[in-house]
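Each in structure tokens, the structures are laid out below.
Next, two complexes with chain A in common: one pairs it with chain B, the other with chain C.
Then we have the complex of A and B:
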């Protein structure tokens, strides 16, 4: 199963999003967060992101949801530092954080491939909230 | 010019300067960003100094790479992956050397600039670190023939000019870019911390190497 990692500057944003996601997926998905710094400031930590990817990667890949600017850069750096075997199957989703996390986790729970989960997650950008 | 022990001294001096300028950098960042640049940079470099202080018998590449790896995990903000990549690239370029000459210094600055531009997908004129670092790298190469002392001095002057120029441009990258034209008139914190680091390095070399 594809793993989902939520990378945010804020552990509250990531934990809240995780809570929202798990309400629907009920522990069926390999999902984790890498948010805030080790000393509880707002920010991202490339080392922490790398460890979490390694933890949830089951061989089927990991899709990473990111919030603002440095979350992207820290995640890119973390991916570059991964072992070759994990690197090509760890991708960043170009998608809104909350909606993206919900869709990614649901699709992963249906057993979709990494490429499918990524595409469907990025398709979230096409939805209109006001219909 | 600079051996491993002296490289550690320079990085220690940078830590001191960043700590002294913590409030100033944070103040610049509170105008157009998330008000944490000074705190983040001084946290990061304090961790760097703790980690490298016993590396005197290691090569310069390892010291610079350790600096980069420490920054990516301790800074928190965008400057973590940016400066982290810069120092890791610099470390790759100097490799196993235990003494850096002037040309090594130029190469490591070039590698650092390239790393930052790649990581941040940034160019000059977007109100970022690149605005002080790129002019410095250009100046040190341009004035190399006039001697090391002049080239280093010109590099710092160019970085300062570039840093001051960031007041006149609109932010295109990072949190400040959400402010658009309202970022005008404010000096970029990243360009400023980069100038401070360059100046500290050059001042140390000038004072201790009789240039």
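Then we have the complex of A and C:
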């Protein structure tokens, strides 16, 4: 199963999103968060992100959801440092954080491939919140 | 093609967890399945589309399935909402 990693500057944002997603997927998905800095400040930490990717990667890949700006850079740095076997199957989703997390987790729980989960997650951008 | 009108009797409506359960069930069928409410038609297999439908308790929706397992699909999905 594709793993989902939520990377946020704030552990509260990541934990709240995780809570929502887990309620919807009933704990069936390999999902974790890498949020805030090691000393509990707002920020992202490439070392923490790398460690979490390694933890949830089951061989089927990991899709990373990021919140703002430097979350992308920290995640790119983390991916660069991964072993080659994990590097090519760890991708960043270009998608809104909360909606993307919900879609990614649910589609992963259906057993879809990393490429399919990424595409469906990024398709979220096409939808208007107000319908 | 099979269609059925269903009134949502699940108190939570088609939100968050019930929506996820509905989409999960829809994904177990091969048929193309749609849900229509007030003239808006969405793909039953897409969580984001089902969530934008905003179907609440008491709403009437129309489930349409087309494919080899269309009858089972409509039956199972209607049952989830009742």
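One rule holds for everything that comes next: the second predicted complex is superposed on the first by the 131 of 131 C-alpha atoms of A that agree within 3 Å, B and C clash if a C-alpha of one lies under 4 Å from a C-alpha of the other, contacts with A are read in each partner's own complex, and residues count from 1 in each chain.
We adopt the following convention: a residue touches a chain if its C-beta (ideal position, glycine included) is under 8 Å from a C-beta of that chain, and two chains touch if they have at least 3 such contacts.
Bear in mind the structure is a predicted one, so any value in this text is a computation, not a measurement.
A.B. asks: Quick check on the superposed pair: does A:37 touch chain B, chain C, both, or neither? Answer first, second, both or neither.
C.D. replies: The first partner, chain B, only.
A.B. asks: Which partner does A:12 reach: the first (chain B), the second (chain C), both, or neither?
C.D. replies: Neither partner.
A.B. asks: Considering only the touch criterion stated at the top, classify A:127 as touching first (chain B), second (chain C), both, or neither.
C.D. replies: Second partner only.
A.B. asks: Between chain B (first) and chain C (second), which does A:74 come into contact with in this model arrangement: first, second, both, or neither?
C.D. replies: first
A.B. asks: Taking the superposition as given, does A:45 touch the first partner, chain B, the second, chain C, both, or neither?
C.D. replies: Only chain B; A:45 stays clear of chain C.
A.B. asks: One more residue to check, A:102. First (chain B), second (chain C), both or neither?
C.D. replies: After superposing on A, A:102 lies in contact with chain C but is clear of chain B.
A.B. asks: Following superposition on chain A, which residues of chain A contact chain B and also contact chain C?
C.D. replies: In the superposed arrangement, which is not itself an observed complex, chain A uses no residue for both chain B and chain C.
A.B. asks: Which bits of chain B are touching chain A when the two form their complex?
C.D. replies: So the residues of chain B touching chain A come out as 34, 36, 39-40, 43, 69, 72-78, 80-82, 84-85, 119-120, 173-175.
A.B. asks: Which positions of chain C touch chain A when the two form their complex?
C.D. replies: 16-17, 19-20, 23-24, 27, 40, 46-49, 51-54
A.B. asks: Help me check something: in the complex, which residues belonging to chain A touch chain B?
C.D. replies: 9, 36-39, 41-48, 68-70, 73-74, 76-77
A.B. asks: Sort out for me which residues of chain A touch chain C in the complex.
C.D. replies: The touching residues are 20, 23-26, 99, 102-103, 106-107, 109-110, 120, 123-124, 127-129, 131.
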